[in-house]
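Chains: A, B, C and D, in written order; residue numbering restarts at 1 for each.
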Amino acid sequence: MADDAPLVEMTGVTKTYAGITALDDVDFLIRPGEAVCLAGENGSGKSTLIKLLAGVEWPDRGVIALDGLAQAAMTPTTAAAAGIAVIFQDFSLFPNLSVAENIAFGAELAEGARFYRGRRVREIAKRTLERVGVLMDLSAPVETLPVAHKQLVAIGRALASNARLIVMDEPTTALTEREVRALLGIIRRLKADGVAVIFVSHKLAEVLEVSERVVVLRNGRVVAEGPASGFDARSLTRHMTGRDLAETGPAPLLAGAPVLLKVEGLSKAGAFHGVDFTLRGGEVLGISGLLGSGRTALAKALFGLVTPEAGRVVLDGRDVPLGDPLRAAEAGIGYVPEDRLTEGLFLTQSILRNVAVGRVASHARGPFLDLGGLAAEARDWLARLRVKAPDAEAPVRSLSGGNQQRVVLARWLARAPRVLVLNGPSVGVDVGSKAEIHAIIADLAAQGLGVIVISDDLPELLATCHRILVMVEGRIVEDIAGAEATEEGLARRLAS
Amino acid sequence: QEATEASAEGGAGGPYDIATVVKIAGIQWFNRMEEGVQQFAADTGNNAFQVGPAQADPQQQAALIEDMIAQGVDAIAVVPMSPEALEPVLGRAQEAGIVVVSHEAASQQNVSYDIEAFKNEDFGATLMENLAQCMGGEGKYAVFVGSLTSQTHNQWVDGAIAHQEANYPNMELVGDRNETFDDQQQAYAAAQEVLRAHPDIRGMQGSASTDVAGIGLAVEERGLEEQTCVVGTSLPSIAGQYIETGAVDMIGFWDPSLAGYVMNTVAQMVLNGEEITAGMDLGQPGYESVTLDGKVIYGQAWVEVTAENLADYPF
Amino acid sequence: MTAAPAPRWGRLLAQPEARLALIMVIVFALMAALAPDRFLTGQNATSMAFQFPEFAILALAITITMLTGGIDLSIVGIANCCAIISSLILTRLAPGVDAGIGWLLLSYLAALAGGAAAGLFNGVLIAYLGLPPILATLGSGLIFTGLAVAFTGGTAVMGFPASVAWLGNGSLMGLPVPLIVFGVLAAGLSFVLSRTGFGLKVQMFGANPLAARYAAVDIERLLLKVYVASGMLAAVAGLVIMSRANSAKADYGQSYTLLAVLIAVLGGVNPYGGYGRVIGVVLAVLTMQFLSSGLNMLQVSNFAREFIWGALLILVMVINTRNWRRRRAPAAAPKGETR
Amino acid sequence: MSWLSRNETLVAGVILAFCVVGAALDPNFLSIPTLMDLLRAGIVLGILAVGVLVVLISGGIDVSTTSLAIVALYVTTLLVQGLAPEMGWPAAFLVAVAVGAALGAVNGVFIAGLGLPTLIVTLGTLSLFRGFLLTFVGDDLISNLPRGLRDFSRAMMIRGENADGSFYSLPWAFAFLVGVVALTWALLYRTMLGRQVFAIGGSMESARRIGIPVRRVQFLVFVYVGALGGLAGIIHAALARVANPQDLLLNQQLSVLAAVVLGGARLEGGTGTLTGTLLGVALIVLVSNSLIVLGIPNTFQSIAIGLLILLGTGLPAWQARRTQRRAA
C-alpha cells in the first residue's frame, strides 16, 4: 500500500507540562486502514499523544500533519473535520444527555445541523449500537449507566461520526470478555472499511491480536516500533518496562487460616440475591461476572454504600452494620471504587492529601493534626506503590491514569483494613505496575488480610486469587479454587 | 478641596464642614433635600454637603457617620434610618466635639437638637381628616407603612387612627398595618391583596412616599378611582400622575429641601454658640415660629396637595 | 500541607493571596495619596478598625461554608436573631440598664447557643434532608429574620447595661475589642482549616463530595459542624452589631450578606468548594475597608463605591486567570473554572 | 424517575395544597381576579426566571439579571424620553432588549472571553451595573413615562367586571411571558444551539473535546439572558408606570434563583425544565401575594415564606435522596 499517503504524521513532537516532559521528540505516522497500537507504562505519554491528535492540547515543538498538510493550530474542530474521533480515557460524555444524543452529537455537529432532529438522532444511535452489538435504553441519561455502558456509548459516539481515524484510549478497561470480543470485531470491520485505528491498551493479548503495528513509548520517547508479528507479550513487556516480568500464582493459603468475613444471605432486589460466601484471613477471593451481574452492587453493599434488604455481614465474629460506609470502614472493610475519577479522587487536591484523607483520625493529636506524620506516612505509601509523581504537592489530576489508581490504592492500604475490596484494582494500570499491584495484594494477604478482587481481567484473577466466585444475574453460581481455574474455563462459564 | 482646607482654620462663625447624612442616597426625597443643603452652602459659604448609603441599611449609615467623624467634620445633620442604631456612633461624634442635629427622629438622644417639620400625630390626623371627608365619614379603610419598625410612619398612623376613633365612629379599620418596605411594587401588591380581601374597602392611607403610587396603580387598574379614597404622604413627582386621574385624592408632605436647609441652619447656630428658643424664626417657610419640646424643634411645615394645587409643587 | 517553598518574588506572586496583598497595598497607597490629611490619620485607622469586624466575621462564616461548596445566606438572619435573644435576656429577664456582668455573659452564651442551634437547623436541612445549601439557607434565613420580628414585633430592643458597649466599642491594650475578636476568630479558623483533621476534610469534601463518601469521610457530621460553626460566627457578629448599635433589631445589616459573599470570593475562596485561605479573606476585608473609607473621605458617591467593588472583584479575577494562562495548563484549571 | 418523584409534580402538589388551604380560609380566594393578579405578578419574575434557567442549564449561574434589568429599563426610558418621546412601545422594547443584550455581552466577554467563573463575574456585575447606573447615568425616579410605555401598560389582554363593578384585567405584557417561554423552548429543544447549551452544562470539557464552540455558546447564552433581562426590565417599568433606578426588583434576584431551583434545575448545570421553572415561579408568586388574604399577621410573613421555600425544596430533595438510596 505504498500509494497510501499518511493520514496523520507527527514529526519531532515535544510536549511538556510544568517541567514534566510527557512527549519527547516523537515521530509517529498512521495510514488509512491501519491499526496501530500505542503501548507503554503509565505516564509514558500515550494519552498526551492522543490529546495532541485531538487538538485538545498543543505541542511545544514539532509538526502535526493531516493528509500531508502541516497544521498550524489544531483544535478539536479541525481534528473532527479531518475525521479524527477520539474515545478518551475518561469517556468525555455528557452525563445529563440521553444515550442517543451522546452517540449522535458529534455526527450532527460535524454535519453542521442547525436544528435538532430527534428522530434522526435516535436512528443514528440505534444503528450504531447495533454495530457495537449491544442493546441499551436510548433515552436513559448517561449518568445513570454503569461504567461499562458509558464506555460503550463513548465507542458508539466515535463510530457514529464516520471517522477516518478512530483513537481509542484504553477502550476495554471496563469491558468484560464478551464486549471486548465484540469491540475487536468492530475494529476489524473498520479496518476493512479503510478506517485507521489507534488503540491504547494495557492488555497485551488484545494489543497483539488487533493491531498490525506497535509503537512502544517509554518516558515520552518511542523506544520500539514495528509490525505486531514481531512482538510477543514478553518482548513487549520488556520494551515497555526495560525488564522481564514473570507472574506466578498466589502463595498457597495456610491450611488453618481462620474465617475472617462471612456473608450470609445478602440480598438486594434487582441487584443480587442470597449471596453467601466466606473469606479467610490471608485469602484473596476473586469475583468474576459479566457486565451488570451484580458484582459492583455487592461490593458496595459490603462497604455500606448500598443497603441490602436481607442478610448479614460478619467480620471477625461481629456483625458489620449495614448501609453505613463509615461504620463499615471502622469495622475494617476498605473499598477501592471502580470509577476513580468521580468516586476515587479529589482531582484538584494534592496527591499527598488524596492519600492522607483516609488517615486523618489516626494522626490526631488532640485537636491538632500531626501534619508531619501524616505527610510522611503518605509519602511512604506513594513510594511503596511507586507512584510516579514529580511533586507530591501537585494536584492529583496531573498524574497519568495508572498513577492515579495507585494513589487511591495507597489511601486504603494506609488504613490497614482487615478486608479490602478492590473493584478493578488495575483498571488502566500498565503491566509493570500491575505486577507490582499484584505483588502488593499478595503481600497484604500474607499479612493476614482478606482481599476481594473484582475484575474483568481473567489473567489477573488467576494470578492473584486463591478462590474465584462466578456471579451470574446476581447469584453466585460457582466457587472455583484458583489452582483449578483456567482462563478458557472461566471464560466459558461466564459466557454460558 | 479648597473649601475644606479653608475650614481647617475654622474660626468662630465658620466656614464650617457640615455633613448631612441621609437614610439612603439617590432617591427623590433626599435629592430634594440636597437642594436645600446646597442652597444653604451657597447662601452661607459653609462647606455643607450631603451623603447617604447606597442601600437602606442602618449599619451602612452608621459606618458612613463613622467615616465623617474620622475625617473631622464640624457638624453632622442626620436623618436616621433607625434612630436606636445610631445612638452609639452619634455619641462618639459628640465626644469628638462634633455638633449633631437630627431630623425625623424625635426620640434621638445624642443630638443637640432634632428638627421636626410638625408633630407627627397632628400630621397623621390631618391625613385622616382628608380621608374621612372624602369617604363621607363612613366605610372600611386600611393603612400602609413603609416598615413596621419605622417610628414616624407608625406615629402618623397612630395619630390618624386616634383621630378617626374620636371623630368618625362609622369608619372601620380593617387588617394589620400593611408593610410595603418603601417599595412601590410592594405597595401595589399589598393594595391588590387588600382589594381582594375586602372588596368593599373605601379608603386607604399610605405612609412611605411610594405607598400611594402603588395603591393608586392598583385602584386605577380596577377602575375604582371614584369609589375609593386614597391619601398619604408622598411627593408630587411620585404621586402626580395618580392625583391627575383621581386614583389618589390627596397627599401631604413637608418640603425636604426646607428641612435640609433648617437642619444646617440649626447646626451652624449651635456651632456659633447660639441658642434656639421657642417662637424663633429659622428663616424658612413653615419654620417661622417654631415650638420647642426639650431638644425637639417643631415647625408647622406641612403641605396638602390635591388635584387643584398640584402644579404649584414641581418636585 | 507542608510549608511553602522558599519565598522568592516570582513564586510568591504566583499565589492569589500574594497578588491580593499587592492590590491592597496599592489601594492603600492610592487613598493615602489622594487624601493624605484625612486618610493617614490615627483617628481614621481606629475608625476603620472599629468598622469592619462585624461584616468581616460574617465573611468568615461564608468562607467556611463555601469551602464545602455550599453557602450560608442566613447569616444576617442568625446574627439579628441571636442579638435579639441576648437583648431580650438583658432587658426582660435581667434588670436592663442595671444588669450585672453575669447577666451579660449569660446572654452572650444564650446568643451563641442560638447561633449553634440555627446552624444545626441549616446543617440538618443540608446534610440529612439533602437541600441545596443556597435554598436551604435562603429559606431558613427568612425564618430566622421572621423569628426576630416575631420576638420583638419588629421594633428595636434597647436599654442595655453599659457593659454591652465593650464588645463593639471598647479597647484593650490600645486595640479595638471588635478587631481583637475578629483577629482571634480569623486566626482560629485559619488554624482549624490548616491544622486539624476537620479542616482537611472540609476542603476534601468541597473538592469532591462523592469521593469523600467513598473515602469514608463522615460527611453528615462534617456538614453539621460546618453550619454550626457558621451559625456561631454569625452569632458573634450579631453581638458585635448589637454592641455597636446599642440596640438589637430584626433588620440590621441587611446589606451584609452580599458584602460577605463578595469579600469571601474576592479573598480567593472558590465558591464551588475545595479552596480558600483565611489570609485571603482578611486581605479582601482590608482592601474593601480602605476603599470604602477612602472614597468616603473623598466624598465620592456611595454608588461609585458599589461600582468600584464590582470592578475590583472582576479585576482581581482577571489578574488571577492571566497568570494561569501564562503557565499554559488549561486542563489543570481549578474546579470552579469549568463553570 | 417516575413522574411521581419529579420536582414538577411535587411543586405542583405544594401549590395545590396551598390553594386548598387558601380556599378553605377565604371563599374569595379561588377567583378570577386573584388569578389575574397572580398571573400579572408572575410576568416579570417569569421572564427573568426563564433567563436564569438557561444559564443554569449551561452550567453557570447568573445573579446579575435584576441589576441588569433595572439598568436596561432606566437607560431605555432616558433614551426614549430624550430622543423620541413619541416613540411607540415596540421600538422602546427593542431598545431595552438591545441594552439588555449589550449588558449581557459584558458578562459574556468576561465569562466566555476571559474564562472567568460565572458566579464571580455576575456577582461583580451585580454591583457594577447598579453602581454605574446610579453614579454615571442618574438617580432620579422617572414617573412620567414616555407615551408609548404608558399606552402599553394600559393595553389589556383580558378585561372583565366583578360583581361589585370593579374591574379585573390581565395586561398584554403577559403575552410576552408566553412568547418568551415558547421561544426558549424552541431554542433549547429544537435547535442544535440549544442542545449545545445542555451539552456544555453537562460537561464543558467533553463539549470542548467534541468540537462544540464552547465560548461562543456561553457568550450567546449570556447575551440571550441579557436580552430577556432587558425585556423584563422594560415590562416592569411599564407596568409599574415608573422607571426607578433604585427599584427593589433588585432584591428579587434570590427569589428568581429560588424559583428556578425549586422547579428542579440543578445548580451543577445540565438539567432543568421550563415547566418546572414556571411552577417554581407560580409557587413563589402565590405565596408572597396571598399572605394578607390568608390573614397571616405581618410579623409571621417571612417565616411563612421561608417555610414554604424549605418545603418546596425539601420535598423533592428528600424524594431524590430516597430514590437514590434505593438505587445506588
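Keep this in mind: a residue touches a chain if its C-beta (ideal position, glycine included) is under 8 Å from a C-beta of that chain, and two chains touch if they have at least 3 such contacts.
Source: prediction; values computed, not measured.
With respect to chain A, maximal separation of chain centres occurs for B (centres as means of Cα atoms). Centroid to centroid, with C-alpha atoms defining each point, chain B and chain D lie 34 Å apart. Chain C and chain D have Cα centroids lying 29 Å from one another.
Chain A and chain C have Cα centroids separated by 43 Å. Of all residues in chain A, those that touch two or more other chains are 56, 305.
Under the contact definition stated at the top, the residues of chain B that touch 2 or more other chains are 25-26, 54, 148. Residue positions of chain C touching 2 or more other chains: 149, 153-154, 301, 303, 305-306. The full set of touching chain pairs reads A-C, A-D, B-C, B-D, C-D. Every residue of chain D that touches chain C in the complex is listed here, in rising order: 59-61, 110, 114-121, 123-135, 139, 204-205, 254, 257-258, 261-262, 267, 269, 298-310, 313-314, 317-318, 320-321.
Within the complex, the chain B residues that touch chain C are 25-26, 49, 51-60, 62-64, 66-72, 82, 84-89, 92, 147-149. Contact residues on chain C toward chain B in their complex (touch as defined above): 38, 41, 43-44, 46-48, 50-51, 54-55, 149, 153-156, 158, 165, 168-169, 241, 243-247, 249-256, 292-293, 296-297, 299, 301-303, 305-306.
Contact residues on chain C toward chain A in their complex (touch as defined above): 1-2, 195-197, 199-201, 203-204, 207-208, 210-218, 274-275, 327, 329, 331-332, 334-335. Looking at the complex, you find that chain A touches chain D at residues 54, 56, 75-77, 79-80, 86, 88, 91-97, 101, 105-106, 108-110, 113-116, 157, 300, 305-307.
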